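Two complexes follow with chain A in common, the first pairing it with chain B and the second with chain C.
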Partner chain A sequence: MRSFLSRTAAMALVFAAAGGLLACSADTSKQTASAPAAKTTAVAKDAVYAPRQLTMRRLSGEQYQNVIHDVFGPTIELGGRFEPDLRVNGLLAVGSGDVSITAAGIEQYDLMARRIASQIVDEKRRDMMLRCKPANVAAADDACAAQVMARVGRILYRRPLTQTELQAYVTAANVGAVKTKSFYSGLSLSLAAMLSSPKFLFRTETAEPDPDHAGGWRLDAYSKAQQLSFFLWNSGPDQLLLDAAESGKLNTKKGVAEQVERMIASPRLEEGVRAFFIDDFGFDQFETLTKDTTLFPKFSAQAAADAQEQTLRTVVDLLIKNKGDYRDIFTTKKTFITQELGAIYKIPVVDTLPNGAPDTWQAYQFPADDPRGGILTQVAFTALHSPPGRGSPTLRGKALREVLLCQKVPAPPANVKFDIVQDTNNPLYKTARDRLNAHATNPVCAGCHKIIDPIGLALENFDGAGAYRTTEQGARIDTSGSLDGVNFTTAAELGKAVHDNPNTPSCLVSRLSAYALGRPVQEAAWLEDLNKRFAAYGYQVPALMREIAESDNFFAVKPVETKAADAAAVPAKEAR
Partner chain B sequence: MPGPRTYLSPVLGACALTLACLGGSFSPAAAETRSYVVSWFSMATNSNDTDCGPGGPNPGVQIQYRKNLADLGYTPAQIEELVKKSQTGEGGEMFDILRNRGRMNGKPVSPYIYPATAIDSKWKAIVGKEAYGFNLDGKGEATKNGFVDPETHEKGVNNELYRAFGCYISMRGSLEGRPTYWAWAWGQLKDSQPAWLITIDGADLTKDGPVTVTFDRALEHLKSNVDGSPRADATYRYDSDPRSHNSFKGEFKGGVLTISEHGDFHMLQNPLVVPEFKLAKTHLRMKFKPDGSLTAFIGGYQPWADLYFSFGSGGIGIEQCITGDVPGLYWLMRKHADADPDPKTGQNASISATYYIEAVPAFAAQPPTPKVAGDAGER
Partner chain C sequence: MYDLVTKKLASRRNILRGTAYGAAFSVGVPFLDCFLDGHGTALAATGAALPVCFGTWYQGLGFNPGRWIPSTVGAGFKNNVELKVFDPFRDKMNVISGTKYFLDGRPLETHTTGWQIASMGAIPVGVNTGPSLDSQIADVIGTRTRFRSIEVSIGGGRQSFSKRAGSATNPSEPSPASLYTRIFGPEFKDPNAAAFTPDAMTVARDSVLSAVKDERRELMKAVGAADKARLEEYFSSVRQLENQLSLEMQKPDPLPACTVPGTVEATKDGPDVPDAEKNAKIFGRLMAHALACGQTRVVNVMLGSNGLHSVGSQQTWHSLTHEEPVDDKLGYQPEVTWFINWANARFVEFLKELDSVKEGQGTVLDRMAILWQTDHSYARTHTMDALPIMTAGKAGGRLKTGMHISLPGDPATRLGLTMQQMMGVPLKTWGALSNETSKTVTELLA
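For the complex of A and B:
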């Protein structure tokens, strides 16, 4: 099955169409009156202006699901498999602008679309889902079909349908109704077509001239709405946000600020924060994580799922519910636990449900002298960054450097030998430290290991599945090391060192802004500005998200560099 | 007592916290509790090449069935014809005969429900000298048919259940080489009955001294790892049902825990083995392994009729696939039962038995007290 226009051509079309949308607002409202003092210390606005190219990002599986559940309710089952995502510059959100859909993927989307559509028009649901009833259920009904498709289309496409689009979907519903002698079957076919349209599956963007930056461009109001909603809620815009776009409020700073405040105050912010950290921490890699069941028999699929959830709950509880300091995620003793995890942590977790019932989550606080504290000591981090049969100071140290401190670690040479490192039964090298020391005598290896091993070795008290241990092959494990000149002797002290490392908050700023924009942010001035604001807010992540969401750069774009022939290939009126 | 982990029970922990809040004194070192969940349960077996005498163990079920048929009067030719048909699927006549091989007033009846109506095939019992067991009758070496315990080397220990069953192929094995029947039975039990908890209290369980050992049922089933092995360090709640609560005073000495009180032991179990597992004159010997788990032998006199009817309820299915001749087990236990004689008939109702237990560390907690409508504050 042929997919659709080339991505470059499509983006060029979007941009070309934007030339006709000059009903922009000249509103230059300042920041809200409640803006904190931090804003006054920011660098000059022009210095941080950094427009990006328009992008067309594919919805992630999670976003697709969230949109469907937002529109049609959480009982709708998707029943398909999404295309694999692509991690670029450390983030799937960045890679989402570099992916298309394969022929097999289109079939999956089509399958899901048909399944979802059939559930929407199902007799059990239709009265709740649809706001009109056909005059005759066995015949086409223009008015009802148009009402349904216009309302649903506005949510799924994240903008109103054009008249042409709406008419096409109504016609499809009518033809289907006549052929099947059922209004709802016809409607289902039309809904399925909408759900498998690239206009739903991809977040296309439309630009318009930016009155605040002469000669510059910005996203139009509907594109802004989806930019905001996918960043803050990891889902499509709700009706209020679309209304704000429709009314032109999103073309004003005040209007954007109002919506951002509303969205950040919403419980749905948790979904957005979770989505970022799932991407940031690379939790998608759990899908392919395996452990040797002989060595780590407690590491079940449920334990893996619970481990991710534990870290996410820890982060969300600290950052959103308690409005805490981001850096504290590396030191906090507070977490959440299930019976499945309790067996790995060796913590009693009393549940009150009958046999076979799913575990419940319980708040838990590690004692002050417990070696665990912070997300680095949780099962999710230690197990995810370990091979199937052992722990790995190297993988853990590399992850810490790259993911949490934004420091690039070069890949190992192609001809490097790992036999000493992997031989965990070698009586000469009983501990991982011994093995890595022997391995690092090779000067080709020594350079990188010098910067990643000392921090990874601090986590050696946690085996490949995250269980606590003090010895390896009978030898006592030494967890001392240093991070950028700060010495430590335990995992808890490593957590403190990461907490205090200046790269820790600046890395989050860098990754969160890249996540928001769908591209690596390299504009030093803007990052510096965000870092100052983040610090001034006490490293509160929702405040940083607000700063990014309200920034001009969040919406600033520039023309796509493409061939004129591509842009002329499709009529401009279909450019959306 | 070796062991990697000491766990203060939630009850003790709560007491400590309460006393601390009230300004009272409480020394956590005054008591230590370790909890375990039973992860293997079977008859203690110690089979060897000569313990069934010349000819070895009893034959497999196909030969046993031939003998059953011969005992019923079938000729060798008739038997072979019946066996051949049963094997080629041409007819189930042989099984109909076998599942009704009991005779009551001359009429065929189920030998599983009425085992005494089946002809005693006089299957062999253990003639070897060694078996795990305890000196239950107090006679020591003077006891009739006493065994030598292969672990303690104590002479005169009683374990007539092992003697009775030990030459059935399905019951043969060792502590490490699981007997087929018990491997099957435990596989069913562990997922179908609430787990058994063992709790050991003492002043300092790293040293010799008095201890209290309790056995309780949990509210949860045994939890397993991804490879099917028992999960250590999982949390269980005590079942407050008194029918499954047992407490014995004992002593930890030289690496072995034994009990000094020899009362009754009773635990609700799965009817697959026995609905209520009961022992009288309970004896216990327990050892702790470096990995934190434990092994134990628990012995006493067990009502054998209860045990038989658990086999009998499985009928020809369990007989054919797992155990071998089921009425034969009845006759063997009846013959070797060695306690609780009937005042009129003299037939012993109980048989000396010793079971082997393995257990892994667990957390055991009292469940929250359920709120009852009408309690103060609920009105």
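For the complex of A and C:
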């Protein structure tokens, strides 16, 4: 534990310093000019008040890993596999409030927990990790077990353990020690039991009456702490945040604002922003994405991994490092590239590392007249929304509508023949556009294809693995079309049209707030308020995250059924 | 409780008589199994009957109309061209034609709705789906084995139609090597090993789990009703873990047919046909061994039909069903039909593996019931009627076989109901709205 504590303390200093620097170097014109404006446009607080149900969200695999690495250091190996996540309302973060843990899942959690715990008590690590030593290594030791379990428990449970809880883990460590005749084996089993406890694996919440909203409820301070840290850092609260909960600071607006500022200024914000975009862009689907290697020999597993990383780096660089405008992710010419990706992009990437060394990332800027620009033209988007053997204007158009513009595209009707779309030998229909046009003469299909195809066809210059092409079967590819009344002729112009579409920022507001709260936000007044603030901040995503994190709604919960409410609020309070 | 079950179960005297024989029932077989298993082969060592097992095989995208329904009904039918490959097993199988999935005005989510009705008997509202039929069965026959059920997918990643209450999906294992480690890895206790010493670490793990049981359980008091159901599922999963530990601490009863398969090398587990074919073969072998070694009694196989893909083709099986033209001369889509034949060959191969493990006079397949279902009868136009359904195995004598049964217009859920009742799930009816049925397919009951 020593290493963890000292590491946290050290990091806290770094964060504080970084926070200061960032605050100074920030684009002050934007910050100072628009921030007060945003504050003054705030609607009366009751008009936007939108309490939610208490939720119980299962930790994602990333969150589990982040917590373990925060507590025990990044060298701990997990070596297990997580349960598949569930996408609800377009987000895994929302689905996390609906999933449970199956028998196959608990086997994996148990296996991981035992592996992690045995690494912690391993002879090489134990002196560094644990602050105490047992009087006798071959016997139980109450005091040392209690000290370790209380410290680890506060981080894993994201609140102090109750006396009963601590006693259970000390007993567990003791019986384990007696049966194995080893203090460390017993401690390791007790740690493993905590790591597969539902109190660790699920983020439960505790409510208390909200003095700011008569008759209303809010999260208690520890529940606030975890809500903040999982949203902003995609990990559990650190010691400073738990301290703020313990001291009651998180029950004041000022205290919350202080913590939010600190967390947004921290380099760990990047982890939080990445986690959101991985969920938002559906990058989990890369796990099952395959490309036919005979048709797309350059699309290796490494290329697929690099493609995701490229988009994430583009987004993080623009949104966090450069405090840029969210809408620019659809037009930016700046990106990052590896040798592996260079092969697909047909860009020579010189890497001086020896063969077999991991790819290194290099900043790259596409020339102004290059057809590439913005994330829609990157391999991660074009390849992810394509079947194994070819590109698909329909899948790409659908993803753009649903994920980036928040417009639902209905499922295709039954009893439709698709023969013509497939028949690539028909000399009349050489390109995907020809085939889709022929298919869309069917009025049942035409309605939807009209809104999907023109934007998908604009990306037809990129094949099923994202490589650039100008012809299909010898016929020139026509990439012109229109998006909600705005005409374009190239993919770059499509990017500009998406950039300028009013649904683009409001869709992000809607998805980011749903991600933060774990439920779709349907309260129009609050969304409108957030949209205004987002615009006032020049569409800066960290600013939007701060607005969400500092809003009352982030912590406001509905009065729960009486019995559950009592149970939720009372015992936890008393026990602490 | 349903007649069949009552008839065979009701006799309390039988239970008492059974227990009077003592050893006969200490085999780790629930009473229910022993009773229902009147026709099963007995274990030489103890005289107790081998338990029945259950399996599902989900193969999407249906068959070609006119190419699979046998021309005659009842026993002695001849397999139609697409099912010819099943001829060697005809007398251990049934073909059921004519049933439907009912939408009741709900939108058709193609390739999803059919599965939901097939596996859960209903189209779920929202994300909280009920348990699937295999889970219901596993809760009856799978509570005393190391694994309540085992799910694998052939080229379908971790997708699975095996659902438990509380929105929990039993994920499929896509990799045969991982499945091997899970079943036959270091924690496997060979039932036929001469010596047995309980592992001190296992004993300690068991005690530690007991020590934190109440502490974990406490959380139930702090959550609302919906989350309680999710936690119940978690605790039910923990019980399997506890059960595994307690089994590891006892000397297992010998199972003469149990042999440990050779180690499995890591393979690629994507949807490319050559990989899927290789993995299907290994999965079949591992599951046959797992069943023979008493590690589980429920296996669920999901053939990842939609994404399956031949190397060098621009199309997946699913996209072909919609986009490949029907060949004028043949009258069907040739590439799609290639996939149907390929998938059927995988199912036959699976049956062969199960049938190759001899147990006394019978085989593992003989004490199994496998339910084969699909999402659409004709994928090209997403039809939901005239569905093909098959069963394989004799369920230890409970399931009559060798028939083509035609049930025109009936809900497909009749088969799900029948299978659950046959396995001892106390159900009178199953399914919702028009998919609800109380009509057991009595022709299938021995």
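The working rule: the second predicted complex is superposed on the first by the 519 of 576 C-alpha atoms of A that agree within 3 Å, B and C clash if a C-alpha of one lies under 4 Å from a C-alpha of the other, contacts with A are read in each partner's own complex, and residues count from 1 in each chain.
In this section, contacts are C-beta pairs under 8 Å (C-beta built on N, C-alpha and C of every residue); 3 or more make two chains touch, one makes a residue touch a chain.
All values derive from a computational prediction rather than experimental measurement.
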Which of chain B and chain C A:Gly80 touches, first, second, both or neither: neither
Touched partner set for A:Gly176, first chain B, second chain C, both or neither: second
Touching partner for A:Gly495 - first (chain B), second (chain C), both, neither: neither
Touched partner set for A:Gly342, first chain B, second chain C, both or neither: first
Contacts of A:Gly518 with chain B and chain C, given as first, second, both or neither: neither
Which of chain B and chain C A:Pro387 touches, first, second, both or neither: second
Touching partner for A:Gly255 - first (chain B), second (chain C), both, neither: neither
Partner contacting more residues of chain A (chain B vs chain C): C
A:Thr294 touches, of chain B and chain C: first, second, both or neither? both
Touching both chain C and chain B, counted on chain A across the two superposed complexes: 293-294
Chain A contact footprint on chain B (complex, rising order): 5, 7, 10, 194, 219-221, 223, 225-227, 229, 231-235, 237, 363, 365, 367-368
Of all residues in chain A, those that touch chain C in their complex: 53-56, 83-84, 86, 88, 95, 98-107, 110, 164-165, 168-169, 171-172, 175-176, 179-180, 185-186, 189-190, 192-194, 197-199, 201-202, 204, 206, 287-288, 290, 292-295, 387-390, 411-412, 414-419, 421-424, 464, 560-561, 564, 567-568, 571-572
Interface residues, chain C side, partner chain A - complex: 107-110, 127-128, 147-149, 151, 157-158, 164, 166-171, 173, 182, 200-201, 203-205, 207-209, 211-212, 214-216, 218-219, 221-225, 227, 229-231, 233-234, 236-238, 240-241, 244, 270-272, 307, 309, 311-316, 319-320, 322-326, 380-383
Residues of chain A touching chain B in the complex: 293-294, 297-301, 339, 342-344, 346-352, 355
